[in-house]
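Let me begin by presenting the structure, written as structure tokens, before commenting on it.
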Amino acid sequence: MADLEKLITVAKETVSRDDVKYLIGWRQGTYGFRVSPHFITEPEEADKLIFSPLCSNNLATYLTLVEKLPVPRGQEADTRKIALMVKGCDSRAVVQQLVEQGIKRESVIILGCPCQGVVDLAKVEEKFPAGLEQVAARWDDGKIVFQFSDGEKAVPREEVLADKCLRCRYPNPVLADTLLWEEVEAGSSSDEYADVSELEAKTPEERWSFWEAQFSSCVRCYSCRNVCPMCYCEDCILDRLNPTWVNRSNNISENTAFHLSRAFHLAGRCIECGECERVCPVNIPIMTLNRKLTKEVREKFAYEPGTDPASKPLQASYRPNDQENFIL
Amino acid sequence: MDNMKLPKEKVGDFLAKLGKEKFRVPQQMEGSSKFAPLNGESNADFTLSNTTVPPKSIFYPQTETLYRYNVGETAMEAPGEVDEMIIMGIRPCDARALSTVDKLFTWDPVDPYYKSRRDKATMVGLACQEPRTNCFCTSVGGGPASTEGLDILMTDLGDSYLFQVLTEKGEKICQEAGDILVKSDDSDVQAAEKLHNDAAQKIVRGIDSQDIPEKLPQLWESEIWKKVSDPCLGCGACTFLCPTCHCFDIQDEVEGLEGRRCRVWDSCMFKEYTLHTSGHNPRPSRRERTRNRINHKYSYFVDKFGVIACVGCGRCINLCPVNIDILNILSQVKEAL
Amino acid sequence: MSEQFEPNVVAFLCNWCSYAGADLAGTSRIQYPPNLNVIRVMCTGRINPLFVINAFQQGADGVLVSGCHPGDCHYMEGNYFARRRFTMMKELLDYVGVDNKRFHMSWVSASEGAKWKDVVKSTVDEAKEVGPFAQFQRNKINW
């Protein structure tokens, strides 16, 4: 059970340490059910921290999103640690970043928050249209309770939880320096990739017309790329002009190339936090694309990214007996 | 010209009479909504509030060919003429956004691509009756029934739309429609006015924007920019879907020996937006980029053109993945001084 | 004479095995379909999967990637990495609706001129069967 007092105490202790630059957690947003990442440098700011079913942001992305500005001459680089609150899925992102050596273990402090699932904002706002009032929420025995000013409203968790949470197999952090409260029961959820199989069962023409409609609506704002904790190349191919891998123009050819490149770069790396799909302003089912590759990776290579800090990245390793029945 | 009424059951006739191919109407697509041409069946949805993709995409599309050429030759082929358009169901805030952006595109030099589309378009606006939580048009000089930038203002009266004709272009439409439109009387106008006032009352968010343009420059080095930009992901959702954001990038795209020069939307929230060839970036982090976005809307544009380049449509607040809320930033700006 | 569709197939061949195998097919006067645009690379491990997406964008009707048999790589392990990559690439392309018959991978050694002929023939035949590629080709788009 989420223990807010413990969380704030630990956060205050952590952020007071000399070797900690800042701590990243969640705070209530400016209206409705929104939550915003909260960057803390002073202990008193920790009072605003929350942990609730509304905290869907994967904060691991900020570990690699931070701009590396040139250090002025005569100054030393700031090598202090960054403290980070993680849910189960977020911790997989941290692990995968460690596996890929995108971050250094000694540069992060991981505060693990065992999690009972976060909500899908669209599902919630369908039930309770978002008003200006800031609404908090909490877990309560199979239900999500929303705390409105005129009383509480409980909803069965299945009705509002994000799809990724309904099939979550890693509710507890895979890796943490401090576990903030006791682990939650992993439950019996399994992941059969029903969404992927449904699409696979269609003909290639049907599949293309599905994706064609989806890719055409893309506005190329790149929020899916930027929010992804695994997308942290310093020089992304999408920004490059020489060679131009993907033209800037928005049409079905370039949009498809963009989505295929993005998905492929996550093959064997996607930890299924679902952030890309959550942030998409035009609601492209990006996870349905990513999950095809996670499924293949799991079936063909028995690999699950972000679960073992000692593993090697899938595409930087091989087994001589990898299956190859498609090769002529 | 007198005010007219379009009975709802006649909407189909109205579209057909004026020529369906001319219309750009709000439509619900897969996961988002936008303005698109009518195709076949009437698929206009006038009940949508703001479309996800603003109607700016009609006037400066995300990708626009400036000219085509063949590699090794000097001849250039300019794109063809634009046809007449009727933008029906545009919300007053989006129409105001276009008249705001007009100031820039018709400044120096006049942008022929944008101008020709604007000249060919008749704007039939639809007054807002159900403003959303994050609408704040009344704080930046607009309103749910603002007529700025419109040729006709439509108001949903239940079983019909009241057409308040504002310009000659609008009159022309009404004449063309002929007897599909029926005469309206004073009671309709009074009913519409009541609806307009009610809608304005329903707007819950807002800020007094009066002194913001003045204050902003003094906050250049303020610590609020770091604070508000900390969670920013640096994506282009806020700018691409903003009805007044108009930055673009020019690209040459060559396929074999055929090439085109085109301009595509660009966003000041991207790192590469200000990146120099030398590798130097004058806006090196998201702090500077966020500061620029707010300053451009509430200070630079005001200095140059006398209006705030924000119409309060609320899209950036609704669509930001990390709840960066422009009203919240503005209230911090006001507090900081 | 009726116009028969002649597919444009882009083939990425590794320098040491498949390119030499194709060479052998030539010097041995083995006939195979001329629809191939060969791009020689040093190793299949050098073939960025984005090459495949790009080939389709630029007008390929089919793509073939060919290299040394496992264990024979000139650089010891390049083809093992390629095998993993293209296993996933093939699945991804199929999933978005690019027909499975448009993308192939093969192992052809320098001595397998006859196998090369078979591989090319089946690749070209399959591309012929599914017809011209138009799904996300660049010049199919109204610029």
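Things to note:
Note that the chains take the letters A, B and C in the order they are written out, and that residue 1 is the start of every chain.
In this section, contacts are C-beta pairs under 8 Å (C-beta built on N, C-alpha and C of every residue); 3 or more make two chains touch, one makes a residue touch a chain.
Keep in mind that this is a model prediction, so the values were computed, not measured.
Taking the CA centroid of chain C as reference, the farthest chain centroid is that of B.
Ranked by how close its C-alpha mean sits to the mean of all protein C-alpha atoms, the top chain is A. A straight line joining the Cα centres of chain B and chain C is 47 Å long.
Rounded to whole angstrom units, the spacing between the C-alpha centres of chain A and chain C is 36. If each chain is reduced to the centroid of its CA atoms, chain A and chain B end up 32 Å from each other. Each of residues 253, 262 in chain B touches at least two other chains.
The multi-chain contact residues of chain A, meaning those touching 2 or more other chains, are 247, 251. Shared contact sites, meaning residues of chain C that touch two or more other chains, fall at 138.
Taken together, the chain C residues at the contact with chain A in this complex read 49-50, 53-54, 57, 70-71, 77, 80-81, 83-85, 87-100, 104-107, 119, 122-123, 135-138, 140-141. Contact residues on chain A toward chain B in their complex (touch as defined above): 29-32, 34-39, 57, 61-62, 65, 67, 69, 130-132, 213-214, 217, 219-223, 225-227, 239, 247-251, 275, 278-285. Note for the complex: chain B touches chain A at residues 29-32, 34, 52-53, 62-63, 133-134, 204-205, 227, 230-231, 233-237, 239-241, 249, 251, 253, 262, 264-265, 267, 270-272, 284-286, 317, 319, 321-325, 327-328. Contact residues on chain B toward chain C in their complex (touch as defined above): 65, 68, 253, 255-256, 258, 260, 262.
Across the complex, chain C meets chain B through its residues 58, 138-139, 143.
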